[in-house]
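Following this line, the structures themselves.
Below, chain A partners chain B and then partners chain C, in two separate complexes.
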Partner chain A sequence: MKMNATLDRRELLKLSALAGAAAVAASRAGVAAPVAPSGVTAANPDAGIKWDKAPCRFCGTGCHVRVGVKEDRVVAIEGEPLAEVNKGLLCVKGYHVGLALYGRDRLTHPMLRKNGKMERVSWEEAVDVVAKRVLAAPDKFAIYGSGQWTIPEGYVANKLMKAGLSNNHIEPNARLCMASAVTGFLSVYGVDEPAGAYDDLDHCDVLILWGNNMAEMHPVLFSRVIDRRARGGKVKIIDLGTRRTRSSEFADHYLEFKPNGDLAIANGIAHLLIKNGTYDKAFVEQHCNFRQDKTAASLNGESMTFEEYKMALAPFTPEHVAELSGVPAEQIHMLADLFGRRDLHITSTWCMGFNQHNRATDINRLCHSIHLLSGHFGKPGDAPTSLTGQPSACGTAREVGTMCHFLPGGRLVENAEHRAEAEQLWNVPAGRLKPKMGYHTVLMWEKFCTPTNQGGDISTIWVQVTNPGQSLPNLHKLFQAKKGLEDKFLIVSDVYPTATTELADLVLPSAMWVEKNGLYGNSERRTQQWFKMVNPPGEARDDAWQNLAVARRLHDLGHPGLKDKDGKFLFTFQDDAGKEVPVWEWPRYYEMNVDKVLFEDYRRFSRVKHKDLAPYDEYVKARGLRWPVVQQADGTWRETRFRFAEFDDPYVKKGAGVQFYHSSTKDDRAQVWFAPYTPPAEVPDADYPFWLCTGRVLEHWHTGTMTMRIPQLHGAVPYAYVEMHAADAEDRDIGNGDSVLVKTRRGELRLPVWVNGRSRPPRGSLFIPFFDERLLCNLLTLEVTCPISKEPDYKKCAATVVKAGPQAGKVGSI
Partner chain B sequence: MPVSGLLLTLSTEEHVAAEVVRRLQSRREILLGELQQQWLPVAVDGCDERHSREVHDWIVKLPGVVFVDVVSVHFEDGEQTSSPHALTDCKAA
Partner chain C sequence: MKLNESCSRREWLAEVFQPWKRQRAEGVQGRQAMPVTVPPASAVAAAPDPPVARVAVIQGRFCVALTSFCAVCVERCPVPGALQITRGMPSVVADKCTGCGVCFDVCPAPRKAVLMLPLAGRLGAGPVTNMNR
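Up next, the complex of A and B:
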């Protein structure tokens, strides 16, 4: 269709926007989409814009966007109406995602620190510097990446480290955000990642948000629930939190608990289910075992009988739970009564509230256990589901296995059988893979920031796709202590200058998002693919290429690990005609689809834990597919929405109903855990009388390196701040916008105060968002970790507040 | 300035929803689509960023508007984004 010549361009854009919104309205109303007056739609090439699909660059929800490109620039973003995840909708970050590419200060050239100053160098020199640092001390080299690595990027880095360098010192920043969800799933089901899917949000009668501000952190998912209400559906929302948030505004019940009180609440629910006889006896007898950590914290614990379990729960009466948690006893009864009903479908969701917790694995276990005990599992709407914060925390960190203890596909480095399988798949000699776990994130950075002669045996870290200079806890100790350690070398691949590049010795400019091909895996096991749509600026290059170029340089310098057992380079690429393509030479990189080759190589690993992936080309056609993706008799590929449930999961035996086929006890049963209440690692006292919680806001994504460069988002919340209760402020003669010093035993930070702001911390509590690199709240936080997942607790430590004088800056405007 | 497509979820009470539509029609920068049950598609074209935000906030606060979802944004004519950060040595590039 030709554009109406009389229609001016502005009108065209408006009609296009209206057409998109009308299509979503029609979808919700269940009627055919109306045609816009001009006939203009997003897909209409007459608008002069070329459109293609991609998952959003930001959070773990995995919304699909349509990306509009004109003259090698992203010029428009629309929600993808064909995507099941978001059904055409986006959040405020999502619809600005295209602008994340266009900050003025994109990194465009490699830079090397020489005599204390950063100087531009060639890519050839940069790659050579990296390779020689590795070659000088391969076992003291580490890679620190993230859940923002694409799947192929993480796979290359993982293979380079584990199969090439026999080195397990590779971690993603996902250690800081969902490692505890992993240990929770593993210790309960014997295999990682949620059984349910976002479909549960469409079917649940009760949605319990466990320390989960879904309205701000996963707004498109939250709108799915609110939309059901708007249609007249009855969905009870229960918000369990340590402060009121935007999610609380939509909740039927807001239950405010003291830090670590969630452990007591979960035990209180289980106690009442048994005491009242309302637990699902048949489900438990058929599908569950009981477990606890009797002595030390461990992944699999020791077995216990039902009677022992019952006895362990006995102290958790509603009254005792009320004392420990601050939640009234009648509310504990209310929760237990809901779980005790079989006519309701209950979905629990959680994110950092559970995972960044000094007892994180335990609280994950307890939430799963309540669902198992009550039989609220394995039916649409009945699911305990963790949500992730990064677009490929599941796809890359967990499934590709870029953590120090993992191999791809859910295998473990300490398991000899798993190592042998990986060695066979990678065609490397037996014994190539190292059996000892590498350093987890906190330990890796501690070793890097410790002088070599004092045991600091990590000398070089290559940071990719993340910003630890802002996101690590206790930054003085775990990052800034690198200053002055002359023999330590920090390499950073990124798209913008960050708190991390400030201490870098070598900075490598990266391509981002639709400047390269990619695949991500979202929170509901959905693998999503996109193609490169625009060129990166300057000399910025793909992270996967950077890893391949270094691998090749190491090969050429003679590192024996970069050859397979046949003497060939570990990474080989052949075009359709079978001719080898040296993709490590940048001009040749896009001669073929490197992502496809890497993904197909990785895909071979996905079967052992039934995380089956489809061929690459299936993802090109789809808006993501949820694993296990299994080929049907007619040759088509079918995704799985509900794992372990016979009605949907092809790996469940016929007649089993529910089958936990990766059970850690090898009997197809899940583990119901008991875990006692213990107080937090650091609690307020006379010197530090406040609880300090840190977290995120709707408009900014994590450390803000992208969203703070988007004027609309920057303008909405331009500065970090500290929120406190009005009465606490009044007690200290602090007014809204006043500047205060927030102090902990690790550091202090000057911030403006926001009273009665977006969230409402209770008396004695403070909240600081971590998006602002000028106001690093992680100078204050504690590096105490969950003993099992090794994930730090960013949600609670002791702090004090002192009035500091005149206003330090504006408070967020909305 | 970005042109955005919004999906408004309106109250199920007809007279309340009708009042929302009437008030939206009074703003020339808002283009209304066809009401589909309680879902109303609109396009917003502000004269500048501040104005767009003001319109968005005004819509959110209208009695009878239950929820506002954003469906699209065009920023082809948008201002170049800038860094809020004091640059590090990388600035030398």
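Up next, the complex of A and C:
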């Protein structure tokens, strides 16, 4: 498209994301330029463009976009003004989300490894290969998906595994991401997911970022807060972190703590609240119990009295906390004084800083606990809220329960009652669901990468919508060790070649985002729906279809699990006229809305934990609805912003004020936890003197498979780097841009150094972003997990830096 | 490099994009640019080459800094102090800007927020470059 000078600017903006200026920069940046949308003229830029709504494909914020489609191609993106989440705004990734579809190397046909070479095969053969691998060893088969599965996709995979194959080896990458938030919420409230909503950001007086770089990771949410300031509003931002980030630039206080110092700080706040008598006595007496892990780490721990709680906190004086955390005592007093004030509204947010932590469940619990202890809960602006990194970490992984220990709707595989309910809802014989948990992610991959005769009892993994070859920790051990294990078989459904497809034996091309129907659930319990708008390229097909086709093939090959109690196929689909449609035949898949049938089927599971979902058609009309969505007397459906609070949550008893109606102690109370300070799993020493932290950057989303193919984003941050403190660099005679070797006990990686760059790690600390598939920082990371959530700690291990040469190496031409 | 010297844009680009000059951490105040190596020869050759002295201007209405906390132009600017951030928005210090266009190239906004203007009155000043095409 030509950007004519006379073109109206407003119209230009509308067409913005996919517009031509990008092509110029792209050609200079040496990356693939987007094909210009055809037929869009300057005189009439809107000609023939059809607009529809969809949530953004990237992070867990869940912004809504308007997608402009012309001639079977996404040609424009703009922020959806009707969406409460983003109110028409988008971040730099969101503006370009349409280009995620149009990388030059989309996978377009199934490929099977034959004699070491990937060869094109038909879908027929591919589906057959998968089904036969399953049949050969049903118990050694596993599915590894993600929080980017749409809700129906995750639901099909979960039902296929648990109800069809009686196999609980299904995990999402959310295990690497949100699992600790889940165990935190469960052990405190007895039910998963935040009580608050993004509305808290509009009402809080104090926003505490707990190891949370919101400016880069959830920029649209952070801009909501910064915008309040710009309009004269007062909001104090306190950034607690282990390095200065872009968020710190906006903070009133930046408190830098030593790794795991967060545990000490939270205990220090609780200590002072009690010592100063500034905790909320009435709230605690009415709504809280006290708990701790006395012996071993467990989800529900053991109860303790208030006196015992007080005793346990006694050592956490500000001075002791200062020693453990490195944060001065007066800053601990400052935090405790804020929490001690009833006239302020305090919102805490966190993301991977808490969740990827060797005591992740503990730090989640402690953060909830100081909010409960101080009564900063259940009012707009008073909330402890975890943010998610994936668009449907909540909606699919957590709510559909695509984890090795979950059943849909918050049920547990180990709970006989829950299994019986699920068996009834799925109409399968009693005993079909296996009571034993499957392997959690790290274990699943460890078993897959271990030779069969040495106990490696996972032989086939089907990866869907994720890239473990880049995102698993300690990649040598948990992924690359698959190489050479002849009897192991890796199936990967994806849209682009990735670090994972490199080791795949079968690659299945998938449709993505608006190439299919979908539903996602964001961080604030908001379920969002969209329709298919364009066709996928080549032979790429929906992930839900892939699962259904394999299920049907297994049925036809005689696997008994694919039949329900009445001998009917586990997945049946009837169109509006009541006629059965064999949707596993691809040409017939879009004869009806398969998503709607699957969602309505799944919706029946959502009531037991009061995660009530509305009928599919309500989501078609809305820009997302936050559960519980409850039908009103007049037939309309009402969403809930603040859970457990009487003024907004219809499930709270009248007069109760606040009621934790899923309390694990069955007394409507939440649990205030004590958890001790525990040091990190691997601490720097003489050989490995640095802390190494990994994470994301604003421009790239997770493993970069989509954003690295978007020229504007690739051009902005073209390759990974290691950030270090200027004085550390000086000590080692390292200059900005020098190539260094970062080594840990697990691997080494050559990277350019960025000194005084975007973020500022303190002395003795390094940071590497994980988006670059050419520079895999997870060759270095540690696979130690939180003992309760089994989520790995990517945020701290011991490393060393050696100067490697004067140049930044081959990678990274802009 | 002196800006008002007449030089071909190709030579000039080659100089701007030269391998990262090693900067000692010592004594460097404030931000340092992200390390960038030479672009592929084809990319340099493909660039248009009118010998024009230019200056970058940030067009606030196209900039995504306020909603996205983007500062890529500032991070990648090879001239210390030529781009600065004030209240979240990047701006160009015209006296320091060499007009190299790196900020234009890396700006990830859907509509480029960087405009390259001719430096009026300077030797080699010409019409608005066609980079914004």
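Simple rule for what comes next: the second predicted complex is superposed on the first by the 761 of 814 C-alpha atoms of A that agree within 3 Å, B and C clash if a C-alpha of one lies under 4 Å from a C-alpha of the other, contacts with A are read in each partner's own complex, and residues count from 1 in each chain.
Convention: a contact is a pair of C-beta atoms (placed from the backbone, for glycine too) under 8 Å apart; a residue touches a chain by one contact, two chains touch by 3 or more.
Given the structure is predicted, the values throughout are model-derived calculations rather than measurements.
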*For A:Thr501, select first, second, both or neither according to whether it touches chain B, chain C, the two together, or no partner.*
first
*asked:* One more residue to check, A:Leu107. First (chain B), second (chain C), both or neither?
replied: first
*For A:Tyr95, is the partner it touches chain B (first), chain C (second), both, or none of the two (neither)?*
both
*In the superposed arrangement, which partner chain does A:Glu730 touch: chain B (first), chain C (second), both, or neither?*
second
*Between chain B (first) and chain C (second), which does A:Lys117 come into contact with in this model arrangement: first, second, both, or neither?*
first
*Based on the superposed arrangement, let me know which partner A:Ala322 touches: chain B (first), chain C (second), both, or neither?*
neither
*asked:* Applying the document's definition of touch, where does A:Ile226 land relative to chain B and chain C: first, second, both, or neither?
replied: both
*Once the structures are superposed on A, label A:Arg709 by its partner contacts, choosing first (chain B), second (chain C), both or neither.*
first
*Once the shared chain is lined up, is A:Tyr721 touching chain B (first), chain C (second), both, or neither of them?*
second
*Check chain A for residues that touch chain B in one structure and chain C in the other, and list them.*
13, 16-17, 19-22, 24-25, 28-29, 77, 89-92, 95-96, 223, 226-227, 712, 715-716, 718, 814
_Give the list of chain A residues in touch with chain C in this complex._
2-3, 9, 12-13, 16-17, 19-22, 24-25, 27-30, 77, 89-92, 95-96, 215-216, 219-220, 222-223, 226-227, 246, 250, 698-699, 712-713, 715-718, 721, 726-727, 729-730, 734-738, 752-758, 806-809, 812-814
*Contacting residues of chain B [partner chain A, same complex]*: 2-7, 9, 12, 31, 33-34, 36-45, 49, 53, 57, 66-67, 69-76, 78-93
*Under the touch definition given earlier, write down the residues of chain C that touch chain A in their complex.*
17, 19-20, 22-26, 28, 30-40, 42-43, 46-47, 61-62, 64, 66-72, 75, 88, 104-112, 131-133
*asked:* Show me the residue ranges of chain A that touch chain B in the complex, using the header's touch definition.
replied: 10, 13-22, 24-26, 28-29, 31, 34, 42, 68, 70, 75-79, 88-92, 94-96, 98-99, 102-105, 107-109, 111, 113, 117-120, 223, 226-227, 230-232, 496-497, 501-502, 507, 708-712, 714-716, 718, 773-774, 814
